[in-house]
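Okay, got some structures for you below.
After this come two complexes, each holding subunit A, first together with subunit B and then together with subunit C.
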Partner chain A sequence: MSGLETAMLPVMQAVLSGILVGGVYGLLSIGLSLAFGVMRIVNFAHGDMVMYGMYVGVVGSTILGIDPFLALPASFLLMAVLGALQYRVVFRRFVGHTTLNQLLAAIGLGLALQMVAQLIFGVDARSAHSIFAGKYDLIGPFFLARAQIVAFGVAGVATILVELLLRKTQWGKAVRAVADNIEAAEIVGLKSQTINLTAFALSCGLAGIAGTVLVTYYPTDPTKGFTLMPIALIATTIGGLGSIGGAFLGGIFCGVIQQTTAMLWNSALQDVPLYVLLLVFIAFRPMGFFGRRSE
Partner chain B sequence: MDAPATERGASDPAAERSPRRDRERRAFIYGFVAIAVVAALPTLPFVNDYLLAVVVRALIFIALGQAWNVVAGIGGLLSLGHGAFLGLGCYATGILFNDYGLPPWLGVWVGALLSLAVALVMGTMTLRMRGVFFALATIAVSLALDQLARHYVDLTGGDNGLALKFLGDSLWFMQSRTPTPFVYAGLVFVIAYYWITRWVLGSRLGLQMRAVRDDEVAAAAAGVGVFRTKLLGLLLSAVMTSVAGTLYMQSYQAIDPETAFGLSQAIQLQLPALIGGLGTAWGPIVGGAVMIFLSEATNWGSTKLGVAGIDILVYGLLLLAVVMYAPKGIMGLFAARARGGR
Partner chain C sequence: MSLLEIENLSVAYGDLFAVREVSFALDEGAVFVLLGANGAGKTSILRSISGLVPARGGRILAAGRDLRGLAPNQVARAGISHVPEGRQIFPNLSVAENLTVSFLKERTKETMAAALAAVYELFPRLAERRRQAGGTLSGGEQQMLAIGRALMNFPKLLMLDEPSLGLSPVLADLVFERLATIRSLGTTILLVEQNATCLELATGGIILANGRVVLAGTRDRLQDSEFVRRAYLGV
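Here is the complex of A and B:
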């Protein structure tokens, strides 16, 4: 092996782990992007739904003895129901415009969700045990955590399924119609409130899946929602607000930047380039990689 | 927020003027009484340092809320990261004093200049886009500052934060053993910021800011420089926040990344204006007093119950309740009653 190759190996390793971590960031982001694309809602409580998804994995694993990956359907359903409830009570009145009040309502809801989690589960970090935990695969010269590989797979499949759902099904057509023009959709007989409710429930269900997948290798505590939210927001913006595939790729992009920064510069400052990148994107390409120009 | 009154005034100017002048006079009297009561507090026998510290906290958050009110209430810009300017004010004053012996009287202006620079860069990069992007950018900037403050330990004290070297009572270094001087300093801030807000509301800039807030396209069509208006509002608010940050630093004598740049601090900066009434000069004053009262009450309650975090839960629910049921805050409720009851 030549000297250059040896020097590049750690960087390649960082890029690969970045892609794997980033896939899950993408999974965090697609639900967020869906809610924005359909309803113009920036749901700051999305991270807290992810946090609840993580606790579903913890409860399933420690109390019921179920592997977190088997708890995915339950997590999806629980968070979807909770999301539908949130839509009915809070977000219904904010559809269509991202306003100061909408952002503040989401933050208020997020704080309340976080504190309720703290009252139920306490402040200590909790983790779930998966059969993949602590196992590593040697692929070529690279060590990769098996839990992260499986998580990446789930993220990719979820993204493709949501894209198909939006593009190929009657429901997806209705959602896109409501997103494009709510009045016109009502005129042709679509019930926009019901459609938005299902879209919001799907968005939160995806947050649940993301959380349960994440908890297989990343312990949770009630503040995790706030910890994860900035990355999800950045990935969504970079991918293009409202784009599902874009959010997934944006997540991967963020993961790679974060891991290579940690490797080449400093792991304590691994997120700083992401924040700078967000500003640069907002200034020069606010529609992100895949957003529509009108965004 | 006086839209109905103005409409009536257009049809019948004489009928409009006198209740408005009455209201002004009443507000002036209320204000004068409030100032007198707060100013007399330290001299009263039953008032201890704990109570005075609570009053100082209320005054500081009223001033900070007033600063946020300028950008968010009058300008309609969704700043979720005003902690960045508070933090810059605190850290600049603290570092310059601890490391170079510079009195806060000078440090405050360094902090203000830093905040101005950050606001200028952030504003120039994001204010041409839709509001949501500005909101995201403010979060990103405070989080970036948070990571930097945690990392550069030699400069900032890292996670543990920065504590001012205490020299004893000194006006030159703005230090005091008792909270009494800070009651008066806080009072000066509250009065000054109230007048700045009043001035902005009555000025051409304030008119343009409200026009941009209510309808950007219409404002642009009427010849308002939308970007310039937003930027000026942000710069003014950033400097006000940063200068109040110096008072914060001198009064608490310590700052850490979470307190400066954390989300719960950012929310505490917003609550006074939100509870009291966005875009009004009285809103942050009323709202700040209510917020600190609630915060002390829940803190007392959660120590009694032995459960942590109830204050944050209350903040969250309060935020939710205000934006959903009373988006114009307490002042809005008063105005509605005054209109309905007459």
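Here is the complex of A and C:
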């Protein structure tokens, strides 16, 4: 092996881990992107729904003895129901325009969710135990955590399923029609409120899955939503707000940048290039890679 | 009983009245025209029938049932289809998706295929472009799509808001020709226009100015009126 190749190995290792971690960032982001694309809602409480999804994994594995990966359907359903409730009570009145009131409502809701989590689970970090935890696979010259490989697979499959749901089903067609023109959707007989409610529930269900997958290798505490939200926002902005595939790729992009920065520079500064990128995108390409210009 | 009966309908935005105590009735099979200049209140009447804006006063009866307070989707489900001003098709849905996303009473493969076939027969152009995104169509094609979309659930009443606006005379003629076909197939039509040439197609109508009815009657009465001659036909 030549010297250059040897020098490149750690970088490639960082890129691969970045892709795996980034897939889960993508899963964090597609729900966020869905709510924005359909309802123009920027849901700052999305990260807190992810945090609850993490606790579903914790409770499942430590109390009920269920592997977090097997708790995924329960996590999806619980968070979807909670999301539907949030839509009915809070977000229903903010559909169509991202307003300051909407942002404040979402931030307030996120804080309330955090407090409730503190009351229920306490402030200490908790983790879940998956059968994949602590296992590593040697792929070529690279060491990859098995939990991260499985998590990436879940994220990829979820993204593809959401895309198919939106492209191929009658429900997906209706969601896209409501996103395009809510008034026109109503006059062709679509119940826009019901459609929005289900889309929002899906968005939160995806947050739940993302959390449960993430907690297999990343411990949680009630502030985790707050920690994760910026990355999800950056990934959706880079991918193009409203684009599902874009949000997933944006997540991978963030993961790679983060891990290579940590490897080449300093892991304490791993998020700095992401914030710089966010500024660059907002200034020069606010529609991201895959967003529509009109947005 | 009339298919649609409007009684003393008023529509207001804040303190501003767009429609004041307008009354008219449509029988089944009619082509009823609401004629008037910009700002006469025509669009507001259609929007309040559809439930897009609330009526400030009066009643909107469809086959005897009051439509006020219904959500727009409920009005559509009751068999009243609205082709809105400016077409309002779904730009990011394909032509076929624009059509099939509509509510259908019984959504089976057969009813869907029959409805699609009927629309494609009326507008063969849409069949040619079925895979294209709605937003990439020309103005005339978008108008055809908006009309086709409104026909998908076989409405009893089709309401059109200035379907000829922005179209070339040839295309406008084509649209009116198709409306005649739609009517002959048994759909009642409520047509909003600025242009009095649409009276050709009409069985009756009203002329509106500043939110009030200034003339009501059969086509002949409207066509012969001094008002239409001077204001619209320019003779």
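Here, the second predicted complex is superposed on the first by the 295 of 295 C-alpha atoms of A that agree within 3 Å, B and C clash if a C-alpha of one lies under 4 Å from a C-alpha of the other, contacts with A are read in each partner's own complex, and residues count from 1 in each chain.
Here is the rule we use: contacts are C-beta pairs under 8 Å (C-beta built on N, C-alpha and C of every residue); 3 or more make two chains touch, one makes a residue touch a chain.
Here the structure is a predicted model, which is why all the values come from computation and not from measurement.
Look at subunit A after the overlay: subunit B and subunit C fit there side by side. In the overlay built on the shared chain, the residue A:V42 is in contact with subunit B alone; subunit C does not reach it.
Once the two complexes are laid over each other on the shared chain, residue contacts for A:D124 go to neither subunit B nor subunit C.
Once chain A of one complex is fitted onto chain A of the other, the partner contacts of A:E183 are limited to subunit C, with no touch recorded for subunit B. More residues of subunit A are in touch with B than with the other of subunit B and subunit C. When the shared chain is aligned, subunit B comes close enough to touch A:A112, but subunit C does not. Using the contact criterion defined above for the overlaid structures, shared-chain residue A:A268 touches subunit B, although it does not reach subunit C. Note on the superposed arrangement: subunit B and subunit C approach each other to a least C-alpha distance of 12 Å. Residues of subunit C touching subunit A in their complex: 50, 52, 71-73, 75-77, 81-82, 84, 88-93, 97-98, 100-103, 107, 149-150, 152-153. Across the complex, subunit A is touched by residues 72, 76, 78, 80, 122, 124-126, 129-133, 135-137, 139-141, 143-144, 147-148, 150-151, 263-264, 267, 270, 274, 307-310, 312-313, 315-324, 327 of subunit B. Interface residues of subunit A facing subunit B in the complex, by the touch rule stated above, are 42, 90, 93, 98-105, 107-116, 118-119, 123, 226, 230, 233-234, 237, 241, 266, 268-269, 271-272, 274-276, 278-280, 282-283, 286. Across the complex, subunit A meets subunit C through its residues 170, 173-174, 176-177, 179-181, 183-192, 292.
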